[in-house]
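Listed below are the structures to be examined.
The same subunit A turns up in both complexes below, where it pairs with subunit B and then with subunit C.
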Partner chain A sequence: MAVLADKIKKIYNFFHDAAPKWKAGAVVFLLVALELAFLKFHDSRFIWVTVYGLVTVSLLFVLIANFAKRTFGMFVFILPALAIFATFYIYPFFKVLQLSHNAWDGIAPTMDFIGLGNFKEIMQDKIWWGAMRNAGYITLIALTFQNILALSLAMACDRQIKAKNMYRVIFFIPPVLSEVVVGLIWRWIYDGDYGLLNYALASMGFKDLVHNWLSDPKTALTCVAIIHCWKGFGWGFMILLAGLQTIPKELYEAARVDGANVWQTFKNVTIPLMIPVFVLVAILTILGTMQVFVLILSMTGGGPGYHTEVPVTRILASMQGSSMFGYACAQGITFGFILMLVSFAQIGLSRKLKQA
Partner chain B sequence: MKINKYVITTAATNSFVHAFLIIVSATCIFPLLWMLGSSLKTQSTVFSDMSLFPSTMQWKNYLVAWTEGGFGVYFLNSVFYTVTVVFGIIMVSSWAAYAFSRMNFPGKNIFFFMFLGAMMIPLPGAFVPLYVLVNNARNFLLNGLAAATPVLLRVLPDAFVYGSVRFIEEQLFPRSAYILCMINVGLSLSIYMLKTFFDKMPKELEDAARIDGCSRMGIWRHVALPLAKPAIAVITIYNALNVWNEYILANLILPSKSLMPLQRGLMVFQGEHVTQYPLLMAGMTITVLPILIIYLAMQRFIIKGITAGAVVG
Partner chain C sequence: MKSFGRAMAAGVRCLVALSFCALLMAGCGGGGEETSAPAPKNKKIVVWHWMTDREDAFVELAKKYEELTGVKVSFELYAPSDAYSQKVRAAAQARALPDIFGLLGEKRDFAAFIKAGHIAELTSEMMLDNSQWKNELFDKALAVNEFVKDNPYGVAVGIYGVPIDVMNIQMVYNKNLFKKAGLDPDRPPQTWAEFVDACAKLNAAGIQGLVSGWGEVWMIDCLASNLAFNIMGPEKVFATLRGEVLYSDQDWVQVFSLFKEMAEKKMLASGIVTMVNKNAEQSFANERAAFAFNGSWCVNVYNGMNPGLDYGVMLPPKINPGNAVYIWGGAGSSFLVNDRSPAKREAIAFLKWLTEKEQQEFLAEKTRNMPSNKFAASKISTILGDFARGMNYVTHPNFWPVNELPKVIERFDKGIQSIIIGEKTPVQLGQELAKLKAEEMAKGR
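== the complex of A and B ==
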């Protein structure tokens, strides 16, 4: 027994001490191998027995390693989290892989294996890529308009002014509200016949501007994007303000003594010191905005036509609307993959910026 | 104070800055006031009366909305889900975060990276498998219950057996499935936030407790948890907001109307052609009010927590 424990300890240490790039490579290799094996042996039960067996064995392996190292008392602390994680991530992960290669309506006891058919269909799905473009458009507006607004508000609140705290409290009210509520209020304000916006425009004399904001394909997406910014700028504001407050005041004084004007101070003191915070805010904005959907469901429901559809509403539509569960899974994988690429690109970019 | 150029420019910029801040604040608050004001109008005046607050307040809209929308049940459901999920997340994540921060054991790094990676997976992409998972679990449970019922009927009274089987089927299972799902949604971020907090905490107090003979669980309970109160306040509020405002997952997982959270009540007032705006707005005010009050009461913690988190990140 002691010999076995020793062996397991040794194997464990070998994996533990491997370089990060080998670990990442191993993960990618395993995923590709799994995909290929699944494409080849999809109709045999054997593959799923192997996969879930391997997962169980590796969990058992970690357990035994903990017993061998006499650290089980510590391992207990993460057991509940691990149990929830295994149920809601590991099982769904393999389930998504399986379903995305099948045509399935969600009810039938059997599924049709269609290989990569779902993914091929996604490649030709114009509505899906249109939805992707819409999400990109909203993200672009959020990145520029929302973050510039948040930054200017944060810089305004960073000064020695009165009622600073009151502003902070107020700016964080929209993020607190539920997206359903926000969407419903603004849908009414934008409404073509009874909306407040049209009423205000008409009474101020801008009769030409009055129109049906959310049913016009030209304005619908921008209107939704603006409300998304309205709801989200509080987060950026809060984080940027926190970042601004960590900049030592001496630096500003030194800049002023050297004769720098406001713009030069901003360019040469504030921006270089704020780059890590900018990166954080950008990552949060992109990940948050790409996944927006409740707001859209409650404001436009994706219409007019498909002009305000985003990927997540498409996934929900394939699932609940047309009962194509396999297709929805494939869409989910595509979407997750794209988000992951974006995140990796951002992490790489932020590393470069930090080195510069 | 001598009036010179510096004083004047400062005053001028400050009033300019205040004007800017006030305008943005107004856009933040105005929709809420509009919602509140409209909830006090009648269906006939709501489109013609454009004043913010009507001259005659229809307070009974709230009563009608509460009864017609069935808010009594939904409200209790929302409170129940929020409390249980937040409590569950605090327990599970503080255990895990404490272990990740203070202890060293096989599997620690790999599991921590798995939790971090889980933060990147978009929840909507996992809708289908979650739905399938819950359905499979329900079938599994129903089969088990069907197999167990004849055996149980021999030893226990009929009414009790059928009653408890129905209770498990209709109440216990869907509710706990939804609660576990929501715990899972908030878990990764909470673990990450708490871990960064524990990492910054001094170790000396825990060492002292250990020398005094405190067990690991005792140290977590009596030393680490009380010290982490600010971080726990943040994850409490963050997750409470999340659960209170959640609707899509509930719609997907919960089988019957009587299990739904508050947001469901709002759907009642949106007919095919006519939306009863005053009632809808009253319902929305009921939905928003609790979370707004909690936010205003605890805003100090939220702002501090976000500030601390941002500086760490």
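== the complex of A and C ==
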């Protein structure tokens, strides 16, 4: 048992310590293998029960590998967690994979297997890729505007200023508000006839700028993106502030003694030591922003036209509006795959930056 | 101690075995008497619905029904409608639907539920005693719940739902704002030219024209369909849905052009393309717009928002004098009986009672909706009476012989939004839809 556990642990460590590109490659390889197996054996319940069982048992063995050397009894405590993971994570993944290869309305007792038909259709679905572009645009604004704002405020609060705890609380209020409430309030602020924004602009003499912000295709997406940043910068602020507080003050003092000015200190002390935190914030920003959804629904509903549609609203439209559950699952898998690749790319980039 | 435990265990086992035998004998005996047995005193029916405005009235009726029959009816409210819709689908997949439920969606969803065996067929019940139950209900309300011969969904002919109220979607206009703009409040526009003219006068008086929840795209679909029926007649619309007429046809381009005209002549309220209907209702109730395109449920909504609102009901303006005007309508909300429910008989009996004249009058009075029972229509308010007159012009996708494909519907509605914001021309939209329709038909969806 111990020998087997050692071997499994060696394999596990080999993958764990691998470079991100190899990890990404391995995941892609596994997914492709799974996909090919699915296409070949989609109607064999036996094969799928076996695969499901194998994945669960593999997890079991990884756990054995970790625990066998200590006390086997400890392993028993992991079983409930494993059962929950297998039921609520692994099984739904297989189910979504199965549905994504079928044409199904979500109600009928039978489904039509269409192989890669849904994925082919996604490749040609201009509206889907338009929604991806829209989510990318909001992400770009969040990565720049939102995180620069969060960093500036975190740096301000990191200094010895009066009432800094009060500022921390104030900056963290938007993230704890309900997205629906935020969306509805800002919808009213942006209103073309009775909105606060137009009233303020008109009062300041900018009457040319007065218009219906959310119904204009030129401004709708940017308006939503700005509110998303306003709502989300508090998270970045907290994480960046925590990161800034881990930098030893002696380094700043040493830099000052060496004659470094504010910019040089920031460039040569703060930035290098904050890279892991920047990477974490960037990954969280990308994953959170690409999945923006509630704010869009409460502010524009994806309109006007398709101008504020994002991937999640498209998945919902396929599932509820068009009763195309299979297609919606395929969209979900495609979207998840893209996000996974982006995350791997970011981790790889962060390693390179750290090495530099 | 151990032997005591064993004895206890043996005793429990015996008790379980005996109870099982008793149950088995009870189940085997007296089968012939099943139909004549009275409803058990503690029988319970569970009803799922999404109608927040009707919850109190339902609960009151449930109490009354329990006093009358001993059958407890539990109304379970799940709102908003999106969440309700998801719950019903999930319950259907898990075969955990309640005894009675409402279904939100299109006719194809309704058909899918029937084909999956979730909904009981009620024709035989409706036909009992010389079709007494059927004859009490408005035909148009029943039609929404009916599948006729050769229906495109392959569902067996029959009635599968019970309408609890009826509705239609028309235009309403504000009489005060009409007076302010120098228009006659007793003579709303009847033709398209008169409508354009009225909006111009309202605009000149600083009043917005038409407001509606066109951010919820189905309302665009509804008005566009009304206009199309009037311009080209129902047969040509159905021919388009069957793929025999293209959306690039001149008549369809004319339909799209009307939206362009409304946008260009500033006949539409600001922000209409992203406006949800609740906001549109607020806008009309607060007298910020002179016209609204809304359903008869608005009577209750406007009453809640502005009880003093003085408004009238009108049919959408006529474009082609040679064709009739059609509006969407039929059953407002319907209840369906779960075919797998053990309390199916009780559920049907309750729905029969719920649609009787007295209960329908109570519901109409409390919820300001039009009753589904013909004989309860005499007690409705004047404004609901105006809406009720529109029932003669009612049509609905749920009783058309053919329906449009989901992707085409979405592109149709979003395309009209694009026309309103000046991004597409009517001709471009017609061509785009014709191409998409051909592609979707080729896929066989």
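Quick note on the criterion: the second predicted complex is superposed on the first by the 289 of 356 C-alpha atoms of A that agree within 3 Å, B and C clash if a C-alpha of one lies under 4 Å from a C-alpha of the other, contacts with A are read in each partner's own complex, and residues count from 1 in each chain.
In this section, a contact is a pair of C-beta atoms (placed from the backbone, for glycine too) under 8 Å apart; a residue touches a chain by one contact, two chains touch by 3 or more.
This structure is a prediction, so every number in the text was calculated from the model and none was measured.
Novice: Should subunit B and subunit C be called a clash or a fit once both complexes are overlaid on subunit A?
Specialist: Verdict on subunit A: clash between subunit B and subunit C.
Novice: Considering only touches as defined above, state whether A:V277 meets subunit B (first), subunit C (second), both or neither.
Specialist: first
Novice: For A:A108 in the superposed arrangement: first (subunit B), second (subunit C), both or neither?
Specialist: second
Novice: Considering only the touch criterion stated at the top, classify A:S323 as touching first (subunit B), second (subunit C), both, or neither.
Specialist: Touch status of A:S323: second partner only.
Novice: Between subunit B (first) and subunit C (second), which, if any, makes contact with A:P80: first, second, both or neither?
Specialist: Once the two structures are laid over each other on A, A:P80 reaches subunit B alone.
Novice: Quick check on the superposed pair: does A:I170 touch subunit B, subunit C, both, or neither? Answer first, second, both or neither.
Specialist: A:I170 contacts subunit B only, not subunit C.
Novice: Given the touch rule stated above, what does A:F293 touch, subunit B (first), subunit C (second), both, or neither?
Specialist: first
Novice: Which partner reaches more residues of subunit A, subunit B or subunit C?
Specialist: B
Novice: Check the residue A:R159 against both partner chains and state whether it touches subunit B (first), subunit C (second), both, or neither.
Specialist: A:R159: touches subunit B, not subunit C.
Novice: Following superposition on the C-alpha atoms of chain A, which segment of subunit C from the set 224-232, 278-286 or 332-340 overlaps subunit B?
Specialist: Stretch 278-286 of subunit C has C-alpha atoms clashing with subunit B.
Novice: Once the complexes are superposed, what residues of subunit A are shared between the subunit B interface and the subunit C interface?
Specialist: The overlap between the subunit B and subunit C interfaces on subunit A comprises residues 106.
Novice: For the complex, which residues does subunit B have touching subunit A?
Specialist: 14, 17-18, 20-21, 24-25, 27-29, 31-32, 34-35, 38, 46-47, 50, 91-93, 95-96, 98-100, 103-111, 114-115, 118, 120-133, 180-181, 183-184, 187, 191, 216, 220, 241, 244-245, 247-248, 263, 266, 277, 280, 284, 287-288, 291-292, 295-296, 299, 302-303, 306-308, 310-311, 313
Novice: Going by the contact rule set out above, which residues of subunit A touch subunit B in the complex?
Specialist: Its residues touching subunit B are 12, 16, 62, 65-66, 69, 71, 73-75, 77-78, 80-82, 84-85, 87-89, 91-93, 95-96, 99, 106, 149, 152-153, 156-157, 159, 161-162, 167-174, 176-182, 184-186, 188-189, 194, 196, 199, 230, 235, 238-239, 241-243, 245-246, 277, 280, 287, 290-291, 293-294, 297, 311-312, 315-316, 319, 325, 328-329, 331-333, 335-336, 339-340, 343.
Novice: Can you check the complex and tell me which residues of subunit C touch subunit A?
Specialist: Per the touch definition, subunit C meets subunit A at residues 82, 85-86, 89, 92-93, 105, 108-109, 112-113, 115-118, 208, 215-217, 270-276, 288, 406-407, 410, 414-415, 417-418, 420-421, 423, 445.
Novice: Hey, which residues of subunit A end up touching subunit C in the complex?
Specialist: My answer: residues 103, 105-109, 191-193, 212, 214-217, 220, 299-301, 303-306, 317, 320-324.
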